Amino acid sequence: MHIPDLLAKIADEVADDIGKGNAADYIPALARVDTGLFGMAVAELDGTVHGVGDWRRPFSVQSVSKVFTLALVLAREGGDRVWDRVGREPSGDPFNSLVQLEHEDGIPRNPFINAGALVVTDELAAATGDAAAELISFLREESGSPTITVDEEVLASEAAHSDRNRALAYFMASYGNMRTPVPEVLDQYVRQCSITMNCAELALAGLFLARHGIRNDGTRLLERSQAKRVNAVMLTCGTYDAAGQFAYRVGLPGKSGVSGAILAVVPGRCTVCVWSPGLDARGNSVAGVAALDRFTTLTGWSVF
Amino acid sequence: MHIPDLLAKIADEVADDIGKGNAADYIPALARVDTGLFGMAVAELDGTVHGVGDWRRPFSVQSVSKVFTLALVLAREGGDRVWDRVGREPSGDPFNSLVQLEHEDGIPRNPFINAGALVVTDELAAATGDAAAELISFLREESGSPTITVDEEVLASEAAHSDRNRALAYFMASYGNMRTPVPEVLDQYVRQCSITMNCAELALAGLFLARHGIRNDGTRLLERSQAKRVNAVMLTCGTYDAAGQFAYRVGLPGKSGVSGAILAVVPGRCTVCVWSPGLDARGNSVAGVAALDRFTTLTGWSVF
Amino acid sequence: MHIPDLLAKIADEVADDIGKGNAADYIPALARVDTGLFGMAVAELDGTVHGVGDWRRPFSVQSVSKVFTLALVLAREGGDRVWDRVGREPSGDPFNSLVQLEHEDGIPRNPFINAGALVVTDELAAATGDAAAELISFLREESGSPTITVDEEVLASEAAHSDRNRALAYFMASYGNMRTPVPEVLDQYVRQCSITMNCAELALAGLFLARHGIRNDGTRLLERSQAKRVNAVMLTCGTYDAAGQFAYRVGLPGKSGVSGAILAVVPGRCTVCVWSPGLDARGNSVAGVAALDRFTTLTGWSVF
Amino acid sequence: MHIPDLLAKIADEVADDIGKGNAADYIPALARVDTGLFGMAVAELDGTVHGVGDWRRPFSVQSVSKVFTLALVLAREGGDRVWDRVGREPSGDPFNSLVQLEHEDGIPRNPFINAGALVVTDELAAATGDAAAELISFLREESGSPTITVDEEVLASEAAHSDRNRALAYFMASYGNMRTPVPEVLDQYVRQCSITMNCAELALAGLFLARHGIRNDGTRLLERSQAKRVNAVMLTCGTYDAAGQFAYRVGLPGKSGVSGAILAVVPGRCTVCVWSPGLDARGNSVAGVAALDRFTTLTGWSVF
């Protein structure tokens, strides 16, 4: 099917799901977003982007940023050493749980729960001095949008509600699993979460994962095997405690954020970014998951 | 690469891993198997099978049986109702843990941990009267080996060491999540685990998962979407508490057993069965995982 | 204060608490007991008993039996070896939890949670052949009531609802922490729980704990230090996950049962048995705890 | 027995236990203390103190301070409101665990685990501005030692190793269970732990608990019922995850610290402070517990 038609059809079919669920309510800047919004974009390997609905409306990327930070760490010389500090297994616990950390001596289960993302941010911070700046620079280049930046209001709100993440970071520090001072890591972490982008930009920025590691300018960010492995981690760990359910329904590597965004990868074909702020009980966009479910059903492009 | 050459190359490359790890020691019949054995078979969509090493030597299928039992339940009218009784999320706990069950009111995390497999067996038992007989009949037909049967010595050994599974079953019964009397479910469960097959037979029996639901006789066992979903559950939950690691290294849906067998699926291409009794700390075959890692690296046939 | 007057005053003061809470509902025989009942008895060291309300009305002793079984085990030659199989620490979990058992390799936290009591019963069963018969014989002698026996209706009900306890027992068996076959231990365990007594009889039967180990006939059951230690375990572990709260409010060693009975010990002075079927969320009698709270406040006889 | 003779006899009997175990090693100031030291003091109700061994040698009070902070909070108008923020149940987990906090929504199990003591410190800080100053003032008055103060070296060491406690505090803050800014609470908390006293001083300072709430100057700090209740919390929660074992062996309310100190209370009779730096696996002084065990055995002064 022609992709624009496909997107129109999907938007139509998920109309009833838009507005379901609740916006994340832990910070005001997210809580007051209209849950009736819905956008979806598909980026093809050559950089062509198609979209539907609010696909050009910006939102904060939140945890979708985690997949890029991980890729930037792995792309660096010796980046694989990050796996000494964070695991690759699904957590079986909510994204901000400390229980697992205590049972496993301060080693987070995977890089996509908050504790793991703090470790990855710490790695990038230790290597570059400023993980958030590094990330923004990469996102601007890949998406071709030089104005991508942090939303200062969201940032202030995040910073004011970071006690839980602070606890996670100090807890890991107590096990010797923090290299940079905790306040600095936290600052860079919340800056990453507060970056504002739209569906088109996120889909473009993620294309290197569909291209087995090749960036939009043709250079290689990740080895082929590394790119596959990032996809594997997205599939097993990318949607919080619903990764099994997401694999079952959608069957694609995906990473979600509490703003209602989900970035999914069809290896060798395209990326898909969908955004709708209403979340289900596990923190994933209701309409977003439904749209991706329709997408793989209509195209047959699940990895399975 | 020509598959026979590929298999020879893999066998050569993993030679150092063969013999590593320990055979499962909870029952004598498994403990005394030679960890120096290694077999691998690839079954193509048309039923052609290639093998290397001990690929025709029989072993007990153990937990690899769980994927077939699940498929047989899902294939039945209303089979999806099994998902009311068992989840689809990775467990984050060892395969025989009771902790999660207690926190989640007697609903096992997924059909591939022991508790979940007991529920699936119970469903098949309730529907057919004899889950093990149903399974054996299916395995015989798909593999073309009419003599496939239970190893009575392994069965006796399993039955004599089933206190933990018995505890799991009664625990679920206490939450109302058992339909058949516990002793009967346990009996059928251990019979399934004690079925003896070789790599070629298992690879053939699993081909319906590579063929999107179509059996060897051309009839449909599962809907296309159901087959994809079984593959998704294998990828996220099929290798105990190492599913993330397996997805990362191998990148294929796979189901392992404590006898050292692993059945992996390349959707649309083939199945692979590897067997070597030496297990790593998480219960997966050391040489088996290494061989599958080589397989996807050499062929590029990871799903990612 | 004169004890009969004291009891009358307490009954008056807790009148508003009688009927609060819910009767245990897991078996019909307990669920239909009138929560408006209330009885209380005090047994002095010389065997004089005073009572108020329904103090002569029989009820099933349920978990109050656990303290006697423990004492009978400890009284035997080498009885202290039971501490190799069960701990002495408060559990921090509900009385029938399996979580702790798994984290601590099949060793229950203390003898008063169900798992621990199963171990203690197993010890007595292994030593005597019939733990329940041994217990009944002891209770008859101490209370001077030769007709004390099991309520067959309660027993049948308990036996039909014992999946959880069966799971606990098989789980411990899987760790090698069961000497007698599980069905036999369970049978003797539920028989103990189903013994029927009244407040006067229970208070009399417990007097050896107030007399530092001396039975009603003047012979010694336990060494002085052993009797003190049983009291210590009652105080730290006797009221499920509310032992801290009970120590705080009441300040006496006590053991409760889901029938609404509580046996408390004032070392060197007396025993108190109170019964009222309405339970709080943690399984202790609402009016019973309130009455004991009044008792220690009015007499000053807390151990602290 | 004459108390000086008793103390001499105990010191003699536990000679073999002195030096066993290891000094706390998380901060250098504690790690290098000689484990061969042993001191014990008994304070009678009238303020007479007897001692043996190193009973006049100062050590940092560490967690023994927690019992005084709790008493100072309870002594204040409305002090009972602290129980809305912290429980009174034994924890069943190590003293610095976060697991329980997460399962129980940021409410620590009891005031004697670190998380609970941070809440109690927060209460005193919120009420007085400086919890540590308030505590030091109280300890000086009760012990008659106006020079009691913080050991600055220990303080610096504690402050430099407080990531875990910082994690606990931020974690509770994320549940809204911190009133004072976390850095301030932590500062006052580590100051309390770093106070230096000797056995005689601690025994004197704790006499109000043996006198049912009456201070050394005859004024009342706590109501009689409050004093009993503090003793109850000490007995059920005062010795970390070994409270049941301590109640069983010693049978007295007691509070231990990782410096090897234990303060025990014989209600209506005396207090006992014992100190020896070698700790068992659960963080209690090996020789200290042995000495208290001998003490209650020889005197018969257990509360049971």
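Think of it as A, B, C and D in the order they're written, each chain with its own count starting at 1.
Methods note: a contact is a pair of C-beta atoms (placed from the backbone, for glycine too) under 8 Å apart; a residue touches a chain by one contact, two chains touch by 3 or more.
The structure presented is a predicted model; accordingly, all values stated were derived computationally and were not measured.
For the pair chain A and chain D, the distance between mean C-alpha positions equals 47 Å. The centroid of the Cα atoms in chain A and the matching centroid in chain B are 32 Å apart. In this assembly, the C-alpha centroid of chain A lies 55 Å from the C-alpha centroid of chain C.
The touch graph of the protein chains shown is a ring with every node of degree two. Pairs of chains meeting the touch criterion: A-B, A-D, B-C, C-D.
Remark: chain B residues 87-93, 100, 109-110, 225, 227-229, 231-233, 235-237, 241-245, 247-249, 251, 253, 267, 297, 302-304 touch chain A in the complex. By the touch criterion stated above, chain A contacts chain D in their complex at residues 97-99, 101-103, 163-164, 166-171, 173-174, 182.
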